[in-house]
C-alpha cells in the first residue's frame, strides 16, 4: 500500500480554557490520496474539533494536543510560521458549515478568493482575479462576474457555499476538509452541492474528509465512513459495510432510528438518552449509558480499537463482531 | 446609497429643528431676569425698560423664538447681552478653538484607544490586556477636571514643561501649528483625551477579542492568511463600530470640554458657556448651545453616512 | 426490542448538586468569585458606609472650623486627614461629603433606571407608532452631547442639588430608554414570548414574567456603568458652581474650594478629587464584574 | 360555548366528519423597507392564497423549501400574526369573529411547538414554572398548575424530582423540546402545530421525540400540523401532506399519493433530492438547479416555471389552479399539466412516465 | 519693545468703546488707559489717598449766581488717537452719547454703564470751543466726584467707522495714555503707549501692556508662576506663600472698599434692634478673616478706613468682644440656647466679593457663638445685584425672609461711600439704601453737604454722617480690601493707588 496522504495517530485534544472539555480521545485514521472519508457523528461528538485540529485552528493557549498528524509528508504539529500558513489553504483547506459566518462580511467574495490565491501563489492581482473568476464559474455560480463583486450577505445560502468551495479549491489543495457543508442548506440545494463536491473530487483527485451527521449525505460522497461518538472513532468501514452491516451498537441504533419508508406507522427504534457531555465522560465506553448491550466491562473499561482489513471497531459487545481470530490488536 | 444619504439628511432636519426649540426654550427655564447682566447694579427702572424693548424681551415667547430662528438661519444669533458683540462671531471663534482642542484630544484618544484596545483584545487575558484594561478603567473613572489640575501642577509648575493656561502666546486668533502653540495644546488635550481613550480602548478590546473568536476569522486562518492580513480584516470589520463610538466621543468632547476649558482658561465654548450661564446672557447661551449641537448633529450625520461605506451590510 | 423506549431510565445528563438556583443568586455567586469586583465592591461598600453613617462615625462637626487650624496637613493631631481652608476636619467633611456626592451620583441613575426601563419596555413591547414617537423624541435629546445637556439644564435651572439631580436624570433617561427598548424589541421577537402569547396570557403578565426579567439584566448592567459617569458629572457640576451650594460638604465643591490650597497642602487638596476617583473606579470595576457575571452562558 | 371551558378536549362540536381546521385563501404580505422616493411599496409574498383543511385526529405535514412560507402559515393560524385576508374555521366556528374571552379559549385549543428549543424557553424560569405559566394565566391556582406541570413533565419523560427546578440551559436539546411539548399539552389542546419541532435534534434524539409525539397523539386525541423540510420525517408522521412553493400550495394529498405518485414537477424534484442511502446507487444528477427565486417579486403565472423543465408559454401567462388530480379527488395539484384545458402541450401522466 | 502681561480677574475684556462695563475695577483697564475724563482721579500716588485733578478740563467752577451751573474750561492741543482734535463739541457729543437717546451716537450699552454714575446732570451746552457748561438737577457740591466716571471717546473715529460702536470696540480711539492695538474678545487686549499723550508726567513707562482675562484665581497664579504673565491681580491667598517663595512680590494698599453685611431695618427684621446690630459687630474676630485672607485684608471699623478724612470719631468702637456681644444679645432676649434666626443673601463669588464663601462661613460660625443663627441664600453675583436693587422690602428679599445682604461696596467718593446708603431719599427702589435706614439728622447734614463748596467744611460734614452710621451700626462691617497684586521680578515699577482706579502707565519693566 502506498503511503497515505493523511495519517493521524492517537490524536488527543483537550481544551483547558474556561470551558474545559476532553474533545478528542486517541483518534487514529489514515486517508489515501484521492479517497473520501465520511466522518459521521452526532452533535458534539468531536467532528469539527478533528478537522480544526488538522488545520491547527484551535487557540494554542487553551488547547492541549498530543499524538501525531502527518499530511502529505509533513508533521502538522511541528509546522510554524510561513510553513503553517502555506499548509493552511495550500495543502489542506476547509469548507465550513455556515458559509454565512465563514466569509468576512465586509469584503466581496471575489476579493477574498483573490486574496487567498495571492497568499499562496506568486501571482499578480490580475491573474489571481482571473483564477478566482474561473473558480466561481467552475462551481457553477451563474453570472460569476457579477457575483465576484457581491458581498457575502448578498448571496443565497447555496451560492455562498459554492463560493466557499471555490475559495477552498482555489489553491488546488491535496486535502479538502468539509465540515457539514450541506447541513444548513435546503434539500434541493444540498444535493446540488454534494454532487458538485463529488465531481470536483474526481476531477482534481484530492482527498476529502467529509463531516456530517446525516448518513444519507455521507453515502452520497464518501468511500469510507468513520463513526464518531464521544470524542472517539468507534467504527470505521467502507460505506457499504457501515450501511449494510453496522457492528457498533451506536451505528446500528443510528441507522435504525433513521426514519424511512419502511418504518411508517411503527414506533422508531430510537437510541435512548442523549449524547454525552465531553467535559464529563463516563469512565468506560462513553456509549455504555445508552447502550442496550452494555455489560459490566463496558462501564468500567474503555474498549480498544481492533482493526481487520481496514475495518475498525471499538466495542466490547458489538452487534456483529469482527472475527476474533483475524484480529490483531491495534497498538494502543 | 445616494438615497440613503438623502434620507439621513432629511431625517436630520426635524432633529435640528427640535434642537433649536430646545436650545431656545432652555433659557426660559431659568429663574431671574436676563437683564441683570446688561444693566449695571443700580440702573433705574426706565433704563431697564428701554433695554428690554431694545433686546426684544418684551414680546411673547413664540414670537421671540420665530424671530430668533429666522435670524439664526440667516447666520444672526443676536447680540450678546453681556458683551454687546455679535453672538455668531463670539460663538464661532470659540467653537473653532473648542473644535481644535476636541479634535486633537479626540485624535489622541482614538489613536491610543485603538492601539491599546487592539493589543489588549489580541492578547486577551494576558498582561498587556491587564495593563490596557487598567488604563482604560482609569481613563473612564478619573474626574478629568481634577486630572487637569494635577497635570498643571506637575508639568507646568513643578517641571515647567508646558504653559498653565491659554491658547498660545498670541491668543487663539493667531493660531499656528508651531512648537509654541502646540505646547499650549498638550496639557488640555491630554486631559480631555483620557475619557475617549478609556472608552475606545474598552470598545476595541471587546470587539477584537470577540472578533478573534468568530468563525470568519478562524476561516481566514484556515485559508493560510498571514497575521498581518488577518489584522487587516479585523480592522476593517471593527472600523464601523469604532467610527461610531469615536464619532460620539468626539462629539461629547465638544460639550465635555467645558470643565477642562475652565481649568486651563482655554478660550473655547466651555469658557463661553460658563460666562453665559453665570452672567445669564441668554442670547449667548442659546447661541452657544445651538451651534455646538448643530456641530454634534452634523458629526453624527457624517458618521452615519460614513458607516455604510465601511460596512456593506448597512444601507443599500 | 433492542432499544428501550422507557425515557425514565435515562440518566445521561448529570444531576447538578443543587438543582434549584435562581439566576440572580447564580450571578451573585459568580460575582463573589471575581477578586477584582469583590475588592471594588468592598471599597464602594466602605465608602457608602462611611457616608451613610457619617453622623455617627464622623469625629467632628463638618461645619465647624477654626481659623488657627486651617489647612493642617494629613495626620495632624486630632485631624486624621488634616483640615480644610476654614479649619474644618477633612475626615468628617469627606464623610459627610460622601452623602451628597453619592446621593447626587446615584439618584439620577436610579431615577433614570426606573423611568427609562418603563418607557423602554413600553416602546419596545408595544412597538409600531408608539415606539417611533418615543424614540424620535429621544433622538432629539441625543442631539445634545451629554455634558453639554447637563450643564445647559442645570445652568438654566440655576445651581442647586435638586436641579443637578434633575439635569443628570434627564441626561440618562434617554440612554436607558434606548438600551431597554432595544433589548425589549429583541426579547419580544423570541419564541418564548410567542409561546407565552399562545397561552393567552395578558400583555401585562407577559411583560412582568417573561420580558421584564430578561430586559432588567442588560439595563441593570448599563445602569451600573452609568454610576461612575454620574458621580463624575455630578461632582463636575458642583465644581463649576452649578451643583451643591456651600457650606454643604460635597466632594466636587470641596475639590473646587480646596484648589488654591494645592501649593500649601497638596495632599489635603487632592483628597476630594481622589475620593471621586476611587469611588468612580470602584463603580466601574463593580460594573465590569456585574457585566461578566451576568454573562453566564455556561 | 361558555360551559365548555372546563374541558375543551371533549368538546367535539362538529362531529368526526367536520374538519378540525379549515383554512381558506390565507394571505400575508410583509412590506419591505423601500427606497425613499419609491411610489409603489414592495412586499414579500410570504403566504399567498393558501387553503387547506385538517381532519380530526390526523396529521397534516407541510413541506417546502426554506422561505416558502411554512412558518408564516403556522403563525397565521396561531394568530401570532394577523392575516391580510382569508378565513379560518375551527371545528365549525369562524375564527376571525372570535374576540375577547372566546379568542382566549380558541388559543387554548391550539398550541405550538417551535423549532428552536432554547429560544422558546424563558431562560429565567425553571421548566416547571414554564409549564405551569399557561394554566396560571388561565386562572388555575399556582399549586394546581405546578401539580399539573409535574404530571406533564413525568409524561414527557422528565422526572420532576430531577428536572422540575432546572433552568433551560441545564437541559439537553431533546429534553428542552420535551419541555416545550409538555407546555403545549398543559392546555389540553386539540390542535398542535409543530414548526420544525425535531429539525434541530440529533438523529437519535429526534427518533425519541417522534415516538413521544406519536404516543401523545394517540393518548390525547390530538391533531397535528407538522411542518418540516425533512421529507423522511414528514413521510413517517403524516397522514396528509401539503407541498408549498413560494407562499402557495402546489400539491396536496394523502401521504401515499404524494410519496408514491407525486404529480407536480416541484414535488418530484423535492423527492428526488433526498440522498439515496444506497452506496451502490448514488444520485446521479440534480433534480433542480438554482435556488428558490426572490419572494419579493414572484414570477408571473406559475411561480415554479423558472425552474421547471416543462415550462411553456402558458405557465407564464396563467396562474395554475389547485385541482384534483385525475382519478383521485383527495389529491390536488396546481399545475397546468394537470388541467387538460390549460393549453399546456404535456400532461402529468406523460411527464411522470 | 517692553511688554507687560497682566493677568486680570475678569472673564472678559471690559467694554472698550469708552465706558467700561464690569464695575469700578474695569476703569483701570479699558477706561483710564485709552480715555480721559474731564476731571481725573489722581492714581499715580500710593502713599496717600488720591484727589480730584484736572483731566481734559483744566479748570471747573460753579456759577456763583446759579449754583446748579458748572463751567468747564477745556484743555487745548489734545488730540484723539485717530488724530482728530479734542474740543467742546466732543464733550457735548459724548454727553449725548450716554444721556440723549435721540442722538445718533447714543449707545445703550455705554449709557447703561455711566448714567447711574452721573445722576446729577440735566443739561449741558458748548460755551465756546474750549468751554462747556453743565447744569445739575439740584445744587450739588459733590458733583465733581461724578466726573472721573465719564470718559470721552472720539466722534471722528466713530464717524470714520461707519457709526458703528461694534467696530469702534476693536479700533477704539480716545485721548488716553494708551492706544488699543488689538482686541481678542475674552482673550486679550493689547495696549500700546501713546507717545503723544498730553500729560508728559504720565507717559506710559512700558511700550505695551497686554491684558489677559483669567477669571480663575488659581489659574491666574499658575500663569504667573509659569511665567506666562508678569502681573496678576487678586491672587488666591493660599498661593501667596508659594508665590513669595518663588520670588514674586506682593503689592497691596488701602483701598476704598468694604465688605459688610448690610442690615435691613424694615419692620419684621430681627436687625431692627440696635443691640443685635451692635452685638453682631462685636462678635466677629476680624483678625481671623485677615488670617483667612493671608493678610490680604484689613479689619473694618466702619464704612471707611480710620485714615479717611471722612471717618470722624464714632462713639461705638468696633472690636472683638464676645462678652459684650453676648451681654447685648441677652438684653435683647437671645442666647445661644435661644438663638435669633436670620437669613442672609450672599454671592458665590465675583469681583469685590473677596473669598465670599469661606468668609461668610466664618462669620456664620462667629455669630453662632452669640446666638445668631445665620442661614445663607447663595446666589450668583448678578442675581445678588437684583436682590440689592430691589431693597429689603422687595418681594425677592422680604418674601423669602432675607434680612441682610452681603455685597462688597466701593467707597471711593462721598456719594458711593456714604450718601447712597445714608440718605432716606435713596431708600430702595429709588436707590440702594437697601435696609431702609432713615435718620432726619443725617438727611439734613447731607443737604448741607450739597451746598457746601468748601472742601474742608464738606469733609467735616461727611465725617458726621459716617459717625452716625457707625454709631447706629447700620451694617456689620468686616474688612476692607487691599486690592492685592503680585508682580514678577521682571516688573521694575508699579505704583498702587489707594483706589480702584489704578494707573497702568506706572508699570515699568
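Labels for the chains are A, B, C, D and E, by order of writing; each one numbers its residues from 1.
Here is the rule we go by: a residue touches a chain if its C-beta (ideal position, glycine included) is under 8 Å from a C-beta of that chain, and two chains touch if they have at least 3 such contacts.
Here is each chain with its UniProt name: A = ABC transporter ATP-binding protein; B, C = ABC transporter permease; D = Glutathione import ATP-binding protein GsiA.
What you see is a predicted model; the values in this text were computed from it and never measured.
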{"item": "Touch-network distance, chain B (ABC transporter permease) to chain E, counted in steps", "value": "1"}
{"item": "Of C-D and C-E, pair with higher C-beta contact tally", "value": "C-D"}
{"item": "Centroid-based (C-alpha) most distant chain relative to chain A", "value": "E"}
{"item": "Whole-Å gap between the CA centroids of chain A and chain C (ABC transporter permease)", "value": "50"}
{"item": "Chain A and chain E: spacing of chain centres that average the CA atoms, whole Å", "value": "92"}
{"item": "Whole-Å separation of chain centres (CA-atom averages), chain A against chain B (ABC transporter permease)", "value": "53"}
{"item": "Interface hub residues of chain C (ABC transporter permease), defined as touching at least two other chains", "value": "5, 7, 10, 12-13, 241, 259, 262-263"}
{"item": "Sites on chain E at which at least two other chains make contact", "value": "218, 380"}
{"item": "Set of chain A residues in contact with two or more other chains", "value": "253, 267, 269-272, 274-275, 290"}
{"item": "Chain B (ABC transporter permease)-facing residues of chain E, complex", "value": "11-12, 15, 21, 101, 108-109, 111-113, 115-116, 165-166, 169, 184-188, 212, 214-216, 218-219, 222-223, 225-228, 380-383, 385-386, 388-389, 420, 429, 431-432"}
{"item": "In the complex with chain D, residue positions of chain A that touch it", "value": "42-43, 142, 156-159, 186-192, 194-195, 198, 213-217, 219-220, 238-240, 243, 253-254, 257-261, 263-264, 267-272, 274-275, 290"}
{"item": "Interface residues, chain B (ABC transporter permease) side, partner chain A - complex", "value": "214-216, 218-226, 229, 233, 236-237, 310-313"}
{"item": "Chain E - residues contacting chain C (ABC transporter permease), complex", "value": "217-218, 221, 236-239, 241-242, 285, 288-289, 291-292, 348-349, 357-358, 361-362, 364-365, 376, 378, 380"}
{"item": "Footprint of chain E on chain B (ABC transporter permease) - complex, ascending", "value": "32-33, 36-45, 47, 50-51, 54, 82-86, 90, 93-94, 149, 152-153, 156-157, 160, 163-167, 171-173, 262-265, 267, 271-272, 274-275, 278-280"}
